[in-house]
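Two complexes, one shared chain (chain A), two partners (chain B, chain C).
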Partner chain A sequence: MTLAEQSFADQLEKGAAGVEWRPTGEPSFVCALRAAGRDTFLRTKLPTLKHEDWRYTSLAGLAAQHFGPAARALVPAADLPPAPRLVFVNGRFAPGATDLSGLPTGVRMGSLALALRERPAAVEPFMGQVATARDHAFGALNTGLFEDGALVELEDGVPCAVTLHLVFLTTASGALFAAHPRNLVVVGKGARATLVESYRGAGAYLVNAVTEMALGEGAQVEHDRVQEDGQQAFHLGLLQVSQGARSRFTGQSIALGGQLARVEARVLLGAEGAACDLHGLYVGGGKQVLDHLVYIDHASPRCVSREVFKGVLDGASRGVFAGRVHVREGAQKTDASQVNSNLLLSEDATVDTKPQLEILNDDVKCSHGGTVGQIREDQLFYLRSRGVSEALARAMLTWAFASDMVQRVGPEELRVRVRRAVTGRLANGELLREVA
Partner chain B sequence: MLSIQGLKASVAERDILHGLDLEVRAGEVHAIMGPNGSGKSTLAGVLAGRETYAVTAGKVTFEGEDLLALTPEKRAVRGVFLAFQYPVEIPGVGNMYFLRTAFNALRRARGEEELDAMDFLALARERMKLVKMDPSFANRSVNEGFSGGEKKRNEILQMAVLEPKLAILDEVDSGLDIDALRVVADGVNALRSPERAMIVVTHYQRLLDYIRPDHVHVMANGRIVTSGGPELALELEKRGYGWIEKEPPARPAAVEARP
Partner chain C sequence: MTQEATLRELTEGKYKYGFVTEVETDQVPKGLSEDVIRTISQKKGEPEWMLDWRLKAYRHWLGLGMAEPTWPNVRYPRIDYQDIVYYSAPKPKAKLGSMDEVDPEMKMAFAKLGIPLAEQQRLAGVAVDAVFDSVSVATTFKEKLAEKGVVFCSFSEAVKNHPDLVKKYLGSVVPYTDNFFATLNSAVFSDGSFAYIPKGVRCPMELSTYFRINAQDTGQFERTLIVADEGAYVSYLEGCTAPVRDTNQLHAAVVELVALPGAQIKYSTVQNWYPGDADGKGGIYNFVTKRGKALERSKISWTQVETGSAITWKYPSCILQGDDSVGEFYSVALTNNRQQADTGTKMIHVGKRTRSTIISKGISAGRGQNTYRGLVKVLKGAVGARNYSQCDSLLIGDRCGAHTFPYIEVKNPTAQVEHEATTSKIGEDQLFYCRQRGIAEEDAVSMIVNGFARQVLKELPMEFAVEAQKLLGMSLEGSVG
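Let's turn to the complex of A and B:
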């Protein structure tokens, strides 16, 4: 452990120890989880480039910082999504900004910390049972230090037609701080839901979020994760999904903000016939590092996984994509495919893309592919020869590359927002008036 | 309108055009023929401003302005249009959005009022009828998955919408069935006017039956080696290109006579 790393861990430890929310009277299973989390983090420490999962993304910039506990803050005037929505500010529940109107019967949504006080029995069977990645430093850190987050529960068979929004706002103020939102989503058998996690903020801070999601048999979930944290922020997100038989999970990860942002999606296809369809788009500029790690655990027969991730990288930004597919011995008739395509818009932009397939039986269909390319000269010339300025032509071609990922965002108002946010980040994106 | 003098150009360190001269006046249609690899598409690309070609000598003026100093998009604004021999597929860019963007970019650059989506759609629909293009092509990505003939029609549609002053048509007839050839030719003829000029690159007399040229030029080895009237195309059709090399060509009088 280097000195810098020590200071990071120390700060977190001290910060956590000093604040008033320090668990008093938490249920014993939570105390046990927290203790295990802290122990794990103090043992694993901050991962270095030697760590298998962190080979391409250095945490040195993060390790050098000193983070305190999250500051108290008022709800910033952000344009909030429609109800029903849960809003958290700096990792704390913000009841004033939360609006649960229109929540259908059979769907519950609220503060996890509150639920731990009022009805821990509802949480105990799931919490820490989905996010089971061993020695996962940031997952462990989150477990040790989380203050609050969302608890979303859908009863069996509930077809929830409204979009459920979870919003995590972070407002930097003076000293650097870390927030560790912790979410639990439990979707009953045959239930259907569309769930959006939005991370927004401005300034420098660390968000270290964990979302655990358990899908019952035949459940169907669309999950959109939109990360628009501040350009100086560190964003670490772990989405861990456990799927029941014949359940369907569709996930989109849009990564736009942060100086360093890592999203990990870990999906356990734990029962027969489950399917997941994961998409992602990262749009980097400046010196941003935008990193995705996707791990799909094909643990049962006849499961399907699809991954399509795209990156647009400008300036001196860097994209990282690691796609792991683990097909276990008993997982016959596995069907897995993975594609990662990248568009580099500048000489200094880079990408590391790495498929990793570990296949332990013969009866599988697995494919992976990907590209790293630039704007094509012939396409650029074709547009320019028709009178389109070079700037607009480049923006059009960049948008053409990325737009199908944006189109996949289901909820209309969110799609419009994402479209604006993505085009807003492209060089000369403001010229794309008609699409945005 | 267009004056090319002593044009030399190279691509990837290889000289392709070896001193080419051509004068095109408003209202004229010039056909350029010549064997494969003689440099016809290179000439077309140089005129449209493709940066992969390096101009190493010569001058090109368009309506008195130095054309070679302009970016491709500025050339389009001045009224130069190239129908590509191989139209480019652009997945993810809608055909109608592309057309409207180009149309309005030209209007804006010329200080004219832009058309909104509704008005433009009306205009585009009318022009699509002209080239007998199915309306469903409006919603597809530019040239993506279009058949060879459909791509050529799409080039002519773009020309009909953008209404250039100088249209350079690089083998618009290749890959067209007989009906499509007629449609494309009708589209081109509908645009003929005393203010416009056209350079029609083709290998076949067939197209020139529909689009009557005022002048026919033969290119070989990066130069225009002979020029004449429409009858020259007929003779080429009968005799091929071999005789031109054997009988040194007459100076292309009609074309190079002026200073």
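Let's turn to the complex of A and C:
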């Protein structure tokens, strides 16, 4: 066993004996989930390059570390998004920084751990029912070790106009630790919501987040996931979405931070007429590894899925994209498309991409595309011949490539923030202030 | 006729090449051991170094612990490697000097397949090295080729007559440690073809071999090696049909191509082995390793039309080692009934300004499962590498499957790599358009699918294009014109 596996195994075992850090008084279904998670992790251990889903992302750097339980920490100074917001620090609920003012009626937001103590019946039908990826090591680890996370509930038919913010702050302190935030979002029939998950931090640590989202019939959710963890951090995120009939899910994933950051989006189009639209942007520099895995399970007829993921890679960074569209038998009239484009800006940047289609049905319209290239000489020449400096021209073309992903971020203040963060990470990005 | 009925009629056509030729065969007992390998080597009168190479491969294979790769998207019962006859040769009638001496039954077999040797000799200008169960029985046009200095013979002859060339290039592209099936082949390969085209020579005719699997329970382990010396050009055709069988037959071939600087090799395949019946009973298991190594300014082009076999596992690949080398892969793969195909290519860009093109067309009907699996890898030194891949799938019926698994790995920023794929069923609007203009249903289906596969079929040499269309038609008339 590697050092990391050993440290997680220790914590999982201790947890089973009900030691201090574990929230007490958990209902039996949670205990059962935790036990199953523990068993799965102890059996699967950390995935290696031999695992098809991990063939391009090595966990060797992570596996060589010892991770303790998350340290208690004060709320760091950070510019927090407007209310209503839930704030978590090192995986623990931070009531002081949380502000639920302006929360419309029919919408509930709060600590998951608290809800598990006070009204477990509301959680039981959903928790662990959406995140069903089999033998998922990090999902299982999260289930075994989570302390808290957000519970967001929208009653049937509620059109929630305000943006709901979930903020996960992590501050490194002394020994390396792992936080395992666990979120559950339940959206009732015909309800509408805009939800933002932000991950921020500084220093070295591991965040292993799981978000389960269940969309009722006709529900509409826009979800923005912005990852700006510390440059030394490990970020692992699993987003599992289960969609009801005619529901619509729009997801954006912006990945900027972390020495190793992997986001998995797994969407189950489980009822007729559901549609999902996923976008992603990863901007890597230094020795970062930014990885996205997207799995769309077309299990019902007449569902639509769209995926567009873009990568900008500089320095010696690595971009990884694995997309899989699985059209099951009987999922007639499926319409799926998938695109992954990558821009390599330096000698040492690399990209590995595998956009996959698995189709067990004939009445479908599916396509996928993947491209890898650099800034085009003719475009550069066009700008240079019009007196634009080379540095600005490169920055402009890079921004032009990435900007449509940023434009998709719904809430205005978040879009501004993301735009600033993305341009800030581009070489000569400061030149773009006027343009972008 | 309704569209459904047409499709059913066309997709459920019987395999038209099913027959068994009864020729006395000279077999070694079932199973695999060092003794069997020694026997094969001895029967073929091979020199010591060849036997040593086989034994090395066999020992390596044992080390693999019978563990076949499990990653392909195909399902089949476990193969018992001790239940296979590893060598069978038609009982020889001494050396054959002319066509008249060829076993009449064998001639009949070729005639049924539409490859009458005698006619081929007169027409076409195609030299046929007919492999009938592992041993070459007739080789034509040899003198004409000899004039140009082209060596085209069976692999066994090459081992005897051109040992230096064989020693130099055998295993240089597909080493005996390459993969499970290539290792097995290296240990027990029976025969195959060898071609060497000397410097600057443009081979005066298309080289061709017809492989047939005949004796029951005989795995065929062909080994083909083609070397095009500097500036040479050769077009090689390979076509296959096999008779109806109830027991599954294993085929694990290895093809190695070496294109020296400035050379061009065009390798075309039409594969139509017995696919098994409608319930998936019988059929050939086809596990093939094909790879070419391209040096400076050389070009390797693979074209394949895969309509047969119960299982196809095949990835003709190019190692674009030299600067400015070019790799191409054109494929039509058709699966019907319960056929499964997991096929594609690998393009490894090593040299500067290397270019590759991949065009893959998969057609699935009945309960067929068709998988494209391809790798485009651009190594760090491959400055200015360029790849374009297109993989399209056509689905006919709601119980078949089409899968696309491309892998793209880029380690050089100047590389430009594009991949695109589509999957769709036969367009009802297209059918309607044709029907509206008075084109019969089956002609319309034929036209549409013909159009779908056209990009690949046009890459085949003339002589082959006709046959390819015929063979495709046998498997799915009207689907691929």
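Methods note: the second predicted complex is superposed on the first by the 414 of 436 C-alpha atoms of A that agree within 3 Å, B and C clash if a C-alpha of one lies under 4 Å from a C-alpha of the other, contacts with A are read in each partner's own complex, and residues count from 1 in each chain.
The rule is simple: contacts are C-beta pairs under 8 Å (C-beta built on N, C-alpha and C of every residue); 3 or more make two chains touch, one makes a residue touch a chain.
Only a predicted model underlies this, so the values are computations on that prediction, with no experimental measurement involved.
Aligning the two structures on chain A places chain B and chain C next to each other without any clash. When the two complexes are overlaid, the chain among chain B and chain C that reaches more residues of chain A is C. Touch criterion not met for A:58: it reaches neither chain B nor chain C. Of the two partner chains, chain C is the only one touched by A:372; chain B is not.
Legend: residue contacts after superposition of the two complexes on their common chain; A:346 is shown touching chain C, with no touch to chain B. Once the two complexes are laid over each other on the shared chain, residue contacts for A:384 go to chain B alone; chain C is not touched. Using the contact criterion defined above for the overlaid structures, shared-chain residue A:401 touches chain B, although it does not reach chain C. Vertex at the C-alpha centre of chain A, arms toward the centres of chain B and chain C: the angle is 70 degrees, rounded to a multiple of 10. Look at A:392: by the touch rule set out above, it reaches chain B but stays clear of chain C.
Aligning both complexes on chain A leaves chain B and chain C separated at their closest CA atoms by 13 Å. Contacts from chain A toward chain B in the complex involve residues 377-379, 381-390, 392-393, 396-397, 399-401, 403-404, 434-435.
Within the complex formed with chain A, the residues of chain B that make contact are 48-52, 71-73, 75-77, 81-82, 84, 87-88, 90-93, 97-98, 100-102, 105-106, 109, 117, 141-142, 158, 162.
The part of chain A that touches chain C in the complex is made up of residues 52, 56, 329, 332, 342, 344-347, 349-374. If you check the complex, the residues on chain C that touch chain A are 71, 364, 378, 393, 395-425.
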